Structure formats: structure tokens, C-alpha cells
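Paired with chain B in one complex and with chain C in the other, chain A is shared by the two complexes that follow.
Then we have the complex of A and B:
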């Protein structure tokens, strides 16, 4: 056994070394700037950052958007995952391929497609006008709604895939059993499906939240840059002000938000278990 | 005596040494095939040396230059004039010797010493103005961007793009106020924020927005004009009464380069009429060398000619460095909220 473990460690070594040298060390060096002030190490940069009411507002806005995208993806995701999971292997394969398609298209091309759909002469507006529902085209493009729609489409697969795999691992007969015992569909979902698939929800939730928090191109192009987000602030610090220290502060905040969310989701999942 | 011996030895060793001479250049990542054909390959043939190319965007390469300041890897760097001034202030680049740049007298005045102290030389430039649907609106001034006709149909560049600050500069000029903080211009943009369709991040969005009639006018760099003109829409390039603005890319020699002669020979070669002509013909870069001549569609796609050049108001690099923080914070507080 001991022997096996040692072999295992040796096998891990090259990949670990690669990650440490190629990723962790550079990231730590880059982010350490966020804890450095003239007088040495301190949290001064963070106090400065959160001292500005504008920055606090941007922080909360980014957090809110991430949370909403995650919640809506989870609700829609369960529906889609439950519909897909019982299909035959061929149909399931096709449906999953369609789901992950947005991830394989370059973000710029994907966002352009949204311009065609949501624009003033795009097919949503033209359709609504032809149906006589609206008289003048709606302004959807370059609003927060457009950012929201774009982010949902982009990160939805990251929610659905873990949910499908969690549902596949759920024992087949628990749902009929609960139904036989008189539970309605809501109770079945809340008391049976959710507790049994929460690992998938934690993984999907973390991926979607982190993705929405750090997406740059989609909000920039679809939102028309009328509203600041943390990642826009970060981009400004680097590309305009050439100020890597402040950019690192925002970077650390984004990483902290992602890690904390993951911990929080896991905590929530284990609370329900107890 | 020692010097003479050394020179003699160097001369003897010359041909052998030149085989091993390399010059590392740091450039923008665009059009590398065209550069290889028009610039890199002919230069390698001329100097008998080898060019090593590093590419990326301006800010990223400036950061690399700073990180490697103790033992520079790059010999010649191409970036924006503001980045050059910043590099000069940080002691990352060395002054050029005008005597070694034989083509200096053939390039536009504004490109000869754009950041001062001979720290850089402009190799290309572009104009920025307003493109508009000539069948729907007329644009004679930068203030026309906020006319009633264009309300809800105009795209402006975001502050974080190169076009952002120069647009503010022209608006400030059009308002008749000479304030380098652009406070009046930013107030004007903020006041009309809801009339602006988008503060765009990528110029490549503009042709599509025009085609879909999301917008009828936008502030764009001349390098985007060819793609807009070929849409087949009735679009025009405005000649606002306040003039046009624009930007410049420059070449600098990195401080600590092992071969300043070769570095400057390369810079001079890039400025030569022959290379600039080829780059202009290939629609890669608008020429700063006044001996270059292009006509018709090529001239139209570029920022070309004395007349066009004379209209351009450049944003001084020093003003950009001094006020960029201020512009950002005003923009974030007033516009992006």
C-alpha cells in the first residue's frame, strides 16, 4: 500500500511541477502586488478599493448579476437536464452536442449572432412587430437584459452537464417511490431530486458564477459598456492606466468571490444532508 | 591604438560575426505575413542577420519590457506614442541618433520626434473621424454626434479604447474649451448617454451596426474605413470643421540593446520609402514617408496625403499620461453608471 502511494506521488509530480511553475508561481507573483504598498505588505490597497463608493457599487452589481445568472441557469438547467437524462443514448448525445455548441464558437462570433437576433431589425423585434405586439422596435441590445441573455446562453451548458451527470447517478426508482407514497412533484423535487443531485448543482453553480463574474467580451459587446462591472474596471486598470497593482487587487477580489461562493455552496449542500 | 586594433579585428571578424547577428523586435501581432514579405525578409537579406519577432498588443509588450528591464531581450519595439513616453519615463528605451536615421528627413514633421528627446520615431499614423449615413444625416462638427437626428443612432468609442480619449479631445475642442481634463466633453457625453447606442469596445462591430441600421454614425479610425465603405451603403467620412484626430505608432530602441547600430539600421529601413510603399500597397500601414505614392482605392483605404495629415490633431502623449487617470475616474463616475 505504502509502495503504491509512493508511486502515485511520483506519477503526480510532473503535472504538479508544471502547474506550480507554469501557473501558481506566476499568479502569486502577479497577485502579490495587490498586497504591497510603499511601506511594505498591507491590505491598504483593498481598503482604498472598497473606500470608494463607486467601486463598492460595481462590486455589488457584478455580484448580483453573477448570482442571478447562476440562479436562472439552475432553474432552467434542472428542467433541461431532467428532459435529457431519460432519452436514449443517440438522442441524448445529439442534445448534449447542441447544448455545448455555444462553448465551441468564438465569443466574438457568438456575440455577433446576438446582435442579429436582438437588434432593432433583428428577428425578435421584426417578429413582434409583424405580430402587432409592438409598434416600435424595443431596445434590447446594449442593455443589461442583453448581457443577462448572453451570459445565460454562454454558461448554461456548464450548469446542465453536471446536473445531467448527477441525475444519471441518482437511483432510478426513487422518484416513482416518492410519487407512490403520495408526494407531489414539487415535494419530489425538493425532498428527493435536489438532495440527491446537489453535488452537480455545486459544481454547475460554481462554474456559472465564476464564468459570469469574469466574462469580459460578452458584457462589453452586448451591454454597450454603459454600466461598469468589475472585469471592465480591471481591463481599464491594465489597458488604460497600466496600473497592475490595482488590477491585481480586482483580480484577488474576483478569485476570492469565486472561492467563497464554492465554499458557501458546498456548505449549503452539506447542511441539507445533516 | 587599441581602438584601431579592435576596429581592424572587428572588420576581419565582420562577415563571420554577421552570420550570428540577431535582432529581436517586438511588434503588434497584425499582418505578420505582409510584414515578413515587405520588411523582415528584405532586411535580413540586407544585414545578413536574423530577426526574431515577438508580437502582442502595446500594453502587454510594454509590461514585458518593464519586467525584463535588467536584461533586455528585445532590441527594437513598436508601440503607441503614449506607451513610448511611458517607457522613456521609466528608462526603458534609449535615444535614437538622428544621424543614423537617413530617412528621417523624408517623413512627416509630426513623426520625427513625437515623444521628445529622440526617444521614438513614428512609422505609421491614422486619422479618426466620424462615419455617417449621408442619406440620413449630415455631420459637419464633432458636436453633431449629439444632434437630434442622431439621438439613439450613434456609437462612440469606449474610454478604454485608443479612440476613446481622442474623441473626447475633439469634443472638448468643439466646445471651445481648452481644458486637458476633458471635463466639459465628459459632461456632454454623460448628458447624452442614453442617446448613444453603444460605447463600443471593438471597432470591428461598427460595419455590422451600420448595416443593421442600429446606428447611423460612429467615431472610427481610418483603418476601419475600408470595411465600412465596402458595405455598399451611402456612407461618408466626415470632415468636421474642428478637424480630425488620430493616432500614431512609433519605433523605439530598447535601452541596453547589444547592437544599437543594427537596431537603428532596422528602424531606418522601416522608414524607407521602399518599405513604406510596400506596406501601403498592401494596406498594412499608412505611410509616414512623404515619398510614398498611392492612388485610387488604396489611397482611400489609408490615411494618406499631406492634406489629410495636416487636418489631424494628435493627442500629445504627455497629456495622455498625465490625465488618463482623471479621464477614467470622471468617465466611470459620470458616464458608466
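Then we have the complex of A and C:
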């Protein structure tokens, strides 16, 4: 575009400066903090962190919830995406608008709505009591189930939208072609749809998994202090315990998990391609 | 009933729109039938219904003595070559062709042998390890064909299989198809909007219009004796006229008995130039070697006429007399 490439570099400068000062430097400080104890380099903070059974529990819970939320939204997502793609342009537009709409509402408001639904005197408990199915209200709020429901609702669009676009980019008629060649619906999915939409699945899967790992509002409101996740634990460490070392460790763990997931999913996608 | 494939009052549609209404049609084993018609006439819809890709609103489909109207596409034994080829982009040519055999759990040695045979028959053996996107249009079309024939379907459907190829390739693939059909002896239905393709390939042509069968017969019969103004127009009769009040196009007297025809048609070489009751202005003349083709502007509409190159030439702008004689007329009993 430019005769002199240096002009291009100058245009990059403000953004680079911003990233370095606003992102790289703090991250490096954080990362180094996580590897320092009493002025020396060590893995002591990690040993301390994983030495506590509460911390281990929180780590596994975060990992488990991230995985199940991703898996369940992928399964539901394929169903919804295939149904949406099959519709005429008008219905399709409306359905996609409905899927996108929640993204425009603050996650705080969305999460509080779940309090109304899942709470002790919420829709579900009152409904079930009136139907005589239960005698005492169920404890849904402040359980892993509540966090799971909240996270699914929060991140589902991020799974469906890439899947819809991947399905729409599939070449015409490959599905009927597989059907005519003798494939039942399950085989069509495994042998044709999945391999041809795996890029969408990788994008959606990464967004949902990383999103679930790093969500704060949903586990804070729906899980409270009973169902801590890494993110809520991190906040507690900093604001309650003033324990920056643990907080840094959690930060590093979260970054590592996100990066590893991305690398792993991309690997998975490209292996199938060959 | 000994018919191999039989469609009985088949009605097809999407939602409220009916695309095909009350279609009756039967074909014999080993026959090659062309479904011919303009786009939107319901020929592709009919094909999809036979393959099981859409459920009929009414009527039945019987294949080889078995009612397959509600049978899912994977259990019909019907092959389909798509207009878009619909190759699996993530699989090699070999795996594309092997797809149906793997689903049928054919043993490895037999699978390799059958795929290789199909690839050899379509001249693709050397491309077996390529991906579809690395092939030309003609090669992709052959893969689609090989993939469909390797599973030995009872009936092979071809949906405008040559329409995405250039003219030279189309001719080449046309003779290839005809050879394969002779060698395999497989029944085929060939959907096309190209009358010359239908004439060249088919044992029988079915002309469709607005979801109904307009005329069905051998290529000769349809070419020589089109049953309607529509078919005549579609089969390359350039000069087709409707009769109004006993007059040609409602304006010119006809010099002979029309009997019960509602339309009359002449091929360009049947139009006599230089004499006769009609007048027209030469709008264009094209020298085609053996003959000169003239386009005349006349009160009847545009007329295409041919004269031997040795006859006296007419220049653009000349007003000349011409005749639409009884010799060479085709009487069209329907509109």
C-alpha cells in the first residue's frame, strides 16, 4: 500500500505502544510474580497453591465445568445450527437475531434473571411445589448445576454462530449425496458434517471453553462462595486475603489452560484434515 | 406390473407450492430416459423424489417391484449425480469413490479392487490420491460419476451432469456417458434443459412443463412430431405460430388445411424464400458454409430461414417474399 514501508510501521506505533504498556508489561509482571518467592525464582507458589485441597477442588471444578459446558453447547449447538441453516432466509434471520439478542444484554442482568428462576421462591421451585412434585424447595442456586446452566446460557451463542457459518459454507448437496450413497443421519454427521465444520467447532469450542474458565459474574452470583471457580477464587485471594502470589498463580494457570486448549483444538482439527 | 420404475400420480411440492402434479411415468430396465424441460418445470424435483430426498405430497414410487415411496434415500439403491457434483472436499478421489462401499462394509480387498475398476473406467486412476479441489471440472464430474456407479445402483439419476462443463468437454463426456451406460446396462434418468443432449443420449425423452408431462416418446418421434407449440419451441423449431380464427398468428391466411391443429411450425430449411404470399425484411444474414441463414422481420414475428449458399443472396434491408408451405409444416395439436 505504501511506497515506503516505514510509513506503515509508524502507523503501527500507537497501537504497539498501547499493547506493550497496557498489556505486555502487566502480564510480564504478573507472570514473574507467580514464579517468585521471597525475592528468588521458584515454583514454590505453585506447590503452595496445589498443596491446598480447596484450591485443587476449585481447579478441577473449573476444568470440569469448562469441559462440560463446551461439550453440551457443542451438542445443542449443532442441533440448533442445523435447524437454523435449513430454514428460509426470513425465518433464518429472525432465529439468528434471537440467538444474538442475549449477547446485547449485560451478563449481570442475564445472571440475575436466573436468580428469579432458580431461587428458593423462583419459578421452578414454586411451579414444582404447586404441582405437588416436591414438598420442600430444591436447592438449585449456589450449586454447580446453577453455574453450569448460567454458563451454557451465557456462551451458547458463541458456539452456535460459528457453527451456523461453518454449516452455511459447506458445499451444496454433500449431505444429500452422502445419504444417497447409503449413509444414515449419524454417519452423515460423523463422516461429512463434522469434518467439514470442524473449523467452526474449534472457534466455538475455544470461545466457550475459555469464556467459561474466565467468567466471573456468573459463578459469583449463581455459585457464590460455595461453588468457587478459579476466577472467583482469584478475586477472593486479592480482595479478601490480599494474597497476590496465589492470584498470580491462578492467572498463569488460566492463561496456560486457554492457550493449551487452543493449541490442542487446532491440532485436532488439522489431524482430521490429512 | 413388470415396469422397472413406476411413478403413480406423484405430486411433489415445498410447503404450499406444488412443483409437480399427478406425474405418471414408467420405465424399463436398462432404459435411458431424458427428462427435458426449462428450469422450474419440476424435473429436478422429480429426480430428488425418486432418490428419496423429498417426501411426496401424494402418489407412489415403485422400483423393481418394491414400493419405495417412504423408504429413506440410504436404503433405495438409487444413485444420483448432482449438478454441483457434491464431492466430499475433505476426502481424496479414492475415498470419495470408496464412500458408499465403506458404508456397505465391503471387505478391504474387494473395496480396493472395485474402486480401482471404477476409477479406471472413468480414466481417473492416476488421480486417486488427489483432493477434489485439485481437479478440473471435467475430472470432478468423472469422480461424481465413478462414486455413483461403484455401488452398483439399480437406477442412476443424473441431474444436469454436464451443464457446468465447457462445450468441448460436454461432447466428450456425453459420449463417455453413453458408453458407460451401454457397458453397465444400468437404467438411467438424465435431467437436462438441453434438447441436443437429450436427443443424443436418450432412448426416450420426456418433455416436462409446469410440473406435468407435456410429451413422451422416442427422440425421433418428439423431434419429428412435437405434440404442442411448447414442445416444438423447445425442440428447436424456430418458426412456431399459433392459429387464431383460422389465420396464422391471427393475421395471415393459411394456404392449406390445418385440420385440428392449434399451432403450426416450420424448421428454417422448410421456409421458401423469394416467392410466396408473405413479405418480410431481411434483418440479418449469416453464412454458415453449406447454407445461408436469414433472419426476417415480418408481421408474423421474426422468422428464421435457410437457403442453399448457391442460391441468390439477399442483403440486410431487402424486402423479400417468402412462403410457409404445407410441405415441411408440422401440425401442433396442443398449445
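We take it that the second predicted complex is superposed on the first by the 237 of 274 C-alpha atoms of A that agree within 3 Å, B and C clash if a C-alpha of one lies under 4 Å from a C-alpha of the other, contacts with A are read in each partner's own complex, and residues count from 1 in each chain.
We adopt the following convention: a residue touches a chain if its C-beta (ideal position, glycine included) is under 8 Å from a C-beta of that chain, and two chains touch if they have at least 3 such contacts.
In this text, all values refer to a predicted model and were calculated from it rather than measured experimentally.
With chain A as the common reference, the superposed partners chain B and chain C fit together side by side. When the two structures are aligned on the shared chain, A:85 is found in touch with neither chain B nor chain C. Once the two complexes are laid over each other on the shared chain, residue contacts for A:179 go to chain C alone; chain B is not touched.
In the superposed model, A:103 lies in contact with neither chain B nor chain C. By the document's definition of touching, of the two partners only chain B reaches A:244; chain C does not. Touched residues of chain A were counted for both chain B and chain C, and B has more of them. Of note, the Cα-centre angle with chain A at its vertex and chain B and chain C at its ends comes out at 150 degrees, rounded to the nearest 10.
Contact with neither chain B nor chain C is seen for A:124 once the two complexes are overlaid on the shared chain.
In the superposed pair of complexes, A:171 makes contact with chain C only, with no contact to chain B.
Within the superposed three-chain model, A:221 lies in touch with chain B and out of touch with chain C [touch as defined at top].
With the two structures overlaid on their shared chain A, chain B and chain C come no closer than 46 Å at the level of C-alpha atoms. In the three-chain superposition model, chain A touches chain B and chain C at no common residue.
The residues of chain A lying in touch with chain B in their complex are 54, 57, 108, 112, 115-116, 119-122, 141-142, 217, 220-221, 224-228, 232-233, 235-236, 238-242, 244. Residues 48, 51-53, 72-76, 78-80, 82, 84, 86-90, 99-100, 103-104, 147-148, 151 of chain C are the ones touching chain A in the complex. Chain A contributes residues 171-174, 176-184, 187, 191-192, 195-196, 272-273 to its touches with chain C in the complex.
Residue ranges on chain B touching chain A, taken from their complex, read 59, 62-63, 83, 86, 158-160, 193, 196-202, 204-205, 208-209, 212-214, 324-325, 328, 332-333, 335-337.
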